[in-house]
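In the two complexes below, chain A is the common chain; its partner is chain B in one and chain C in the other.
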Partner chain A sequence: MKSRTGIPSASRRDVLAGFATGTAVIAMPWVARAQAETIRIGFPTPLTGPFAAEAKDQVKSAELAVKLVNDRGGVAGRKVELLVRDDKLNAGEAATRTLELIEKDKVHAIVGALSSAVQLAVNEVTRARGVIYVSISQSDTINEVKDFSRFTFHEALNPHMTTAAVAKQTFKPGTKVAYLVADYAYGHEMLRGFKRAQAALGAVSVGEILHPFGAADYSTFMPRLRSMRPDILCICNFGRDQANAIKQAVDFGMNRQAQIVVPVLLNNQRLAIGAEAFEGVIGGANYYWRLEETIPSAKAFNDAFKAANGGAYPTDYGAYGFTGVSALLLAMEKAGGPDTDKVIAALEALTYDVAKGPQHYRKCDHQSVQSVLVLKSKKKADMKNEADLFEILAIEPGSEAALRSCTELGFPA
Partner chain B sequence: MMDAELIAMQLFSGIALGAILIMVALGLSIIFGMLGVVNFAHGALFMVGAYAGLWVASLTGSFWWGLLVAPLAVGIFGMAIEYLLIRPLYGRSVDDPLLLTFGLGYVLVEAVRIVFGSDGIPFQTPPQLAGVADLGIGFFPIYRLFVIAVVALLLLLLWLVLEKTKFGLIVRAGAQDPQIMRVLGVDISRVWLLVFGLGVGLTALGGVLAAPMRNVNPEMGSLVLAEAFVVTVIGGMGSLVGAIVAGLLVGVAISMTALFAPEMATIVMFALMALVLLVRPQGLFGKPGRA
Partner chain C sequence: MTASTSSVAAVATRPTNRRGWRARLILWRVPLSILALCLLPWVLPSMALATNVLIYGLLAVGYNLLFGYTGLLSFGHAAFFGAGAYVTGIAIAQFGASWYAALALGVVAGGLLAFVIGILSIRTRGIYFSMVTLALSQLVYYTALQAASWTGGENGLRGFTVGQLDLFGWTVDFLDPVTKYYVLMVFAAAALWFVSRILNSPFGAVIEAIRENETRARACGYHVERSKLIAFTLSGLICALAGTLLALHLAIVPLDILHYQTSGMIVMMTLLGGAGSFFGPFVGALAFLLMEDVVSLWTSHWQIVVGTVFILFVLFLPKGIWGTALAWEARR
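This part shows the complex of A and B:
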C-alpha cells in the first residue's frame, strides 16, 4: 500500500494485525511448539580447514535426506530440522558444539564428523548424555568395545573393510608393497588393515615410511621408495595429503615402476588435481554415482541430488551424510518418533537401501554392513563427461564376514 | 641397506628442496632486510601469485605467460599495498606493519576462496618440462631441475643488481641509514616502494613455480610462511647469503631426516632453528642487534 507521497506505508489495520500475531507468538510459545514439535538432528562437521570440500558435500547430502523426508510429510507427522555446526576439525571444538546441540538446541540425535579423532570426541559426549550418534567418519576404533556404547552407530566404512577390499583387487602372492603413511590415527589404521590383508593374500612389505601429517613436499621420500623396488606403492593418507603425495610420486615417475594404490580414492581430490596425476590410481570408496547403472536406489539418490544442486553429482563423502541421516530417520519413522530407546531398537532391526543397495547395522558393534567399491581413476580421454572420473573395478558385497569378529573387538561371545 | 647411490640421491633431493626453500624465503628476507617490515602476508601473496599464474595461464593457454605476467602483476599489487597501507605506518613501532600484514593475509585468503572456491584447482606441469631425467644416481623430475635453474639465475641477477648497479647501492645504503640518504637528496620512499614490489613479485614467482609441484589451493601459503620464516631466521634476517646457505642447509637436513626418521622430517627444521637461535641468535649471517 502506498500513500500519496509515494512512500510505502502500512495501514492501521495491517499494523494491528501484525502486532496481534507477534504478541501471540511471544506470549504463547508453548502453543507454537506443540503444533510443530520438530525433530532436530545435530550435524557437526569440519566446514573450515583442509577437509572442507568433503564436509560441504556431507552437508548437502544430509540436507537432501531431510528435505525428502519432510516432502513426504516428515517423521510420524513431525517436521525434521538439521542443525549444522562447524567442528573446525578439532576434537575440543566438536565436543563443545555437540554439548551445545544437546543442551541448548535439545537435538534428538547427532549425525556427523569427518575425522576419526573428532568423531571419538563427539562419541564421548553423546554416550555420556545418552544421545544417539551416527558416525560418518572412517574409523576402526569406534567399533571396539572400549569406545562403543549402545547409542553409538557407525555408518561409514571402517579401515579394516576398505583395505581388505582394495587389497583383494590389487595384492597377489609375492607382490612387493611399499607404504607411504601419514603419521596419525587414520594412516596407522589403514596401514594395519593393509598389512593384515597382505599377510592373508601372501604379499610382502618392502618398506614403510611414515610422513608428517599435512606435509607439502614428498620429494625427499621418493628416492627411498624407488630403491625399495615395489610392485605397488600404497599411499595411506587423506585429503590434500593424498593429492600432493600422488602428484609428486607421479612427477618422480613412480607410477611407471609401480601401481599406485590408496585406501580411499577421494572424489574431491581427484577433481582438485586433475585426471593426469590420478590416472590409473586404484582405491576404495563407499559410493560412486555410476552405481546407478545397476542399483535403483543409487539412481534415485543421484536424481534427487542433481535436482537439488543444479545438476551436480553426489560424491563419496557426501553419500555418507545421506545414508547416515536417512537410516536414522527411517528408524525414527518405525519407532513412531524420536524416543531414544525405541529408535535404537529400530536401528538394530533395520535393513535399509537408500543409495547403494542393502545395508544393516551389526548387532554387537553397530557397524553398518555394506558394500565396498574398488575404483580406478580414468584417463582423461576415456571420460564420457566431467563427472565420469572412475571405473568400477569391483563391488565387494556387504557381509559380516568382512568385518573383524565381535569377539576380536572385545564383545562377549 | 643404505647404498652410496641412495645417499647421493638423497643429498641431491635435499639441495633441490633447498632451492625451493630459498625461492620461498627470498621475498620475505629482502623486504625485511631493506625495509625492516616483517611481512606476515608473505604466504598469502605466494598463494595469490600461484592463482594469478593459473589465471593468466588459463587465459593464454601457456604456462610461460603465467610465469612472466603473474609476478609482475602481483609485484605491482605489492607496490599498491606498500603505498596505501604500509607507508602510513613507517616511523611507528615494528608491530604495526606486522599486525597489518597479518590481517591482510587473512583477507587475501578469504578473497581467493570467494573468487576461486575453497577446493583447489588442477595445475599441470608444462608439457615441455614433464617427465623425469636420469641423473646417473637416480631419476629426478625435469620440472624440479628447471626450478633449481630459475632460482640460481634469479640469485645471480639479484646479486648483480644489488652489488653492481647504482640502484643497488642506494638500496643497500638505504637499509643502513635512511636519514643520511634523505639528506643526500635521495627519494628513499620511492626506493622502498620498488623494494617492496620486488619482494612481493619474487614471492609471487615462487608461488607460480611451486604450483605444478604442490597444487593450488587457498591454504597453500600457510606452510610456506612457516618455512620462509625458519629459513630467514636461520640465515639471519635480511641477509641474502644467509637465505641461500640456510635454505640449502634446511633442505639437506629435511632430506637426510627423511631417510633415517621420516616422521620427523617436518620437525627437524624447527629443531635446527631452535639450535641456531641458542648458539647465534642473530642467525648465521645476520648482523647483531638488527632483529
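This part shows the complex of A and C:
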C-alpha cells in the first residue's frame, strides 16, 4: 500500500488469470501428492514389556522389507511408509493405537502384534472397519471361525502346526512326557497341540504343571517334575519365562534325566542365557538364518539384513516382520495399489518365497501355509560363530494337511 | 486442605471480587467442563486419544468422589471399571442386548459390585482399607481370568462391535470417531452433572466432613459408615459407567482392565490432576495419556519420563495440576 495509484496497467482479466495461476501453483503439490500418495502401513508391536527384544527385531525386519521395496521404486510407483507404534503388550492400548492408525494416520493396512490377546484386539478393530491386517504372532484362536475376518491374514505359525512338527521329531510310541505350562492362552494352546500330537504318535503324558505367567522361580516345580520320571520334559512358555524355566530345570539336572523340548526355541532367550543351559534343547521355529545353506531367498534376506544392521543376523520373530510385510507389499504390487478388495484377492492367490521357501495363505482361514523348522541348541564348542546357535534337525515342509481342517475350525465345508 | 477448591462454604470467607469469580466458577463448573470436553477432540492429536481421555477422565472423576472428597484411598477401582465393561460386552455378545440395555446393565452390575466390596472394606481404614480393596479387586481379576467361556479369559472379550447406534429411530454410524466421541460424551456429561449435584447436596458436605475429621463428623451425629458406603457405591457406579463406555469405544474388553496396574493408574491420574477438585481428574487423565501417547512415539523408555513427572508432582505440587492452578489463582 505504498502508492495510491497501485498497479495501473493490471486489467481485470489479468488479475483473474493471475489468481487462477496462483491457485493452480498452490494446489499443484496437493494434486501431485494425491497421485503418488505414500502407502502407509501401521505396525503396532510391544516395544516395552517382557517381549521387547523380539519386538525390536520385528521392527528392524519390517523396516528392511519396506526399504527393499522403496529401493526398487515402491509399490506401483508409490513410496511405502512404516508407522511403528508401541502397543505395550496391552490389548486395550493396541486397540487404541490401531484406531489412531486407521482414523488419524489413514493407514492402508496393519501388520504386527506379539501376543494372542493383542492380535485378537487388533483383529476386532480392523474387522469392523474393513482394514487389512497381517498378524505376526502365534495363535490358534485367530484361525477359528468366531474370530475370522476376511481382512485378516495370519502370517505366523500357529501352535497346532508348531507342536505337531516338534512332537513328530521327539515323541515316540510309549514316550513319557511331562509338561510345564504357562497358565495363559499361549501355554494352553501349545499344551493342547502337544497332547493332540502325543495321542496321534502313541506317547503318554505323565503329568502337567501350570505355572503363572511371568514366574521367576520354578524350583518348587522341579522335584515334582522329576518324580514323574519323564523321558521328555516339555516346557510350554514364552519369552523370559522360557529362559528362566530352562535354566532352573538344568540346575536341577532335569536335562540328564529327560530331553527338554519347547514348542518354540527362541533365538533371543538362547542368546540371553547362554549355550550351557540350552545345550541339547529341542524346539520349533519359523526361521533360522542357516536356512541360507539350502534356500536362496534366506541367503538374500540374511545378506540384506546384515548390510542394514551392521552384520547382525536376523532372528526368528524378526523374520515374521519381514515375511509379513513383504507378502503384503507383493500383493499390493500385484493389485496395482492398496485397494482393499483387490489386495485381499491378491493375497489369497499369492504364492511367495521371501525368506524361507514357498508360502501361501489358505483360502478358508487365511493361515500362512509354511515350513516349520525343528532346531536343537548347540554345544558351545560346536558353534562356528556367535550367531551359530542351533542345528536344524528337520524342516517340516508346509502343507495344508499339517493344519486343522477348515471344517474343524468351523468353516462351511 | 482441598476444601477451599470445592465447597461453597469455604469460599464465603474470601474478598468480594475473588469470591464472585470463584463462586461463579463453581456455579458454572458443569457447563464449563462440558464445554472443555466438547473442544477436547479438536486440540488433541487423535480422536482415539480424546475418547480415551474422556473415559479415563470420567473414571478418575468417579474415583475422586471417594479419594478426593471422602478421603478413602482405594486400590481396587479397576474392579468396577472392568465389571462395567465386561457386563456390557457380555450382554451384547452373549445375549444380543441392545446397546443402551447393555450400558444400563453394566452400570448396575458395577454399582452392585461396589456395594458388596464397600460393605466388606469400609470397616477398615488407612492402609488396611487400601489392601482390602486391592485384594478384593484381585479376586475379581482371577474370576475373569478363570471364567474364560464368559469373559474370553486371557484373550479378552471380543465379538460385540457396535457398528450403528439406533437412537429412538435415528441411526448413527458409531464407527465414525467424531460421532462416537460425542455420543459417549453425552453420558460423561450426565455423570458430571450427577457428581456435581452430589457434591452440592448436604450429603456432599457430610463426606467432606468425614474426610476432614471423621471423629467430629460422628460426634455431629452423622452415620459415618453408611455415608462412606454410599460414597463408595456412587463412586463405583461412575467408574462402571466409564467401563461401559470403554467397552463401546474399543469393542473389546482386555483382561488388563481388571489388573491392579489399572487401579494404580487411576490413583496416578487423580493425583496428577488434583484430588478433591471437580475438574482435576480430567486434567490428570489428559496429562497422563498425552504424555504416554506423545513420549512413547519418541522413545520406548516413556515410562521413565511419566514416572519422573509423577514423582516431581507428588514432591513439589501435591495438589496436582488443576489443584495448584486453582490455589495459585486464589492467592493472586
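By our rule, the second predicted complex is superposed on the first by the 380 of 413 C-alpha atoms of A that agree within 3 Å, B and C clash if a C-alpha of one lies under 4 Å from a C-alpha of the other, contacts with A are read in each partner's own complex, and residues count from 1 in each chain.
The definition used in the following text is that a contact is a pair of C-beta atoms (placed from the backbone, for glycine too) under 8 Å apart; a residue touches a chain by one contact, two chains touch by 3 or more.
Bear in mind the structure is a predicted one, so any value in this text is a computation, not a measurement.
Visitor: Putting chain B and chain C on the same copy of chain A, do they fit or clash?
Guide: After superposition on chain A, chain B vs chain C: fit, no clash.
Visitor: A:Ser219 in the overlay: touching chain B, chain C, both, or neither? Say first, second, both or neither.
Guide: Touch partner of A:Ser219: chain B, not chain C.
Visitor: Give one of first, second, both or neither to describe whether A:Phe252 is in contact with chain B, with chain C, with both, or with none.
Guide: After superposition on chain A, A:Phe252 lies in contact with chain B alone.
Visitor: Touch check for A:Thr126: first (chain B), second (chain C), both, or neither?
Guide: A:Thr126: touches no partner chain.
Visitor: Looking at A:Ala52, would you say it contacts chain B, chain C, both, or neither? Reply first, second, both or neither.
Guide: Both partners, chain B and chain C.
Visitor: Could you look at A:Ser61 and tell me whether it touches chain B, chain C, both or neither (first, second, both, neither)?
Guide: Neither: A:Ser61 stays clear of chain B and chain C.
Visitor: Just to be sure I read the superposition right, which of the two partners does A:Leu271 touch: chain B = first, chain C = second, or both, or neither?
Guide: Touch partner of A:Leu271: chain B, not chain C.
Visitor: Determine, under the contact definition given at the top, whether A:Asn244 touches first (chain B), second (chain C), both, or neither.
Guide: Only chain B; A:Asn244 stays clear of chain C.
Visitor: Between chain B and chain C, what minimal C-alpha to C-alpha distance in angstrom results from the superposition?
Guide: 5
Visitor: Which chain A residues come up in both lists, the one for chain B and the one for chain C?
Guide: Looking at chain A, the two contact sets intersect at 52.
Visitor: Across the complex, what residues on chain B touch chain A?
Guide: Listed in rising order, the residues of chain B that touch chain A are 3, 6, 9-10, 13-14, 16-17, 20, 118-122, 124-125, 131-132, 138-141, 143-144, 213-215, 217, 219-220, 223-224, 254-255, 258-259, 262-267.
Visitor: Residue numbers of chain A touching chain B in their complex, please.
Guide: 50, 52-53, 183, 209-212, 214-217, 219-224, 226-227, 240, 243-244, 247-248, 251-253, 268, 271-274, 276-277
Visitor: Under the definition above, what is the set of chain C residues touching chain A in their complex?
Guide: 45-49, 52, 153-156, 158-159, 161, 163, 175, 177, 246, 250-252, 254-257, 296-297, 300-303
Visitor: Could you list, by residue number, the parts of chain A that touch chain C in their complex?
Guide: Residue list for chain A touching chain C: 47-48, 52, 85-86, 88, 90-92, 95-97, 99-100, 103-104, 116-117, 120-121, 123-125, 127-129, 141, 146-147, 184-185.
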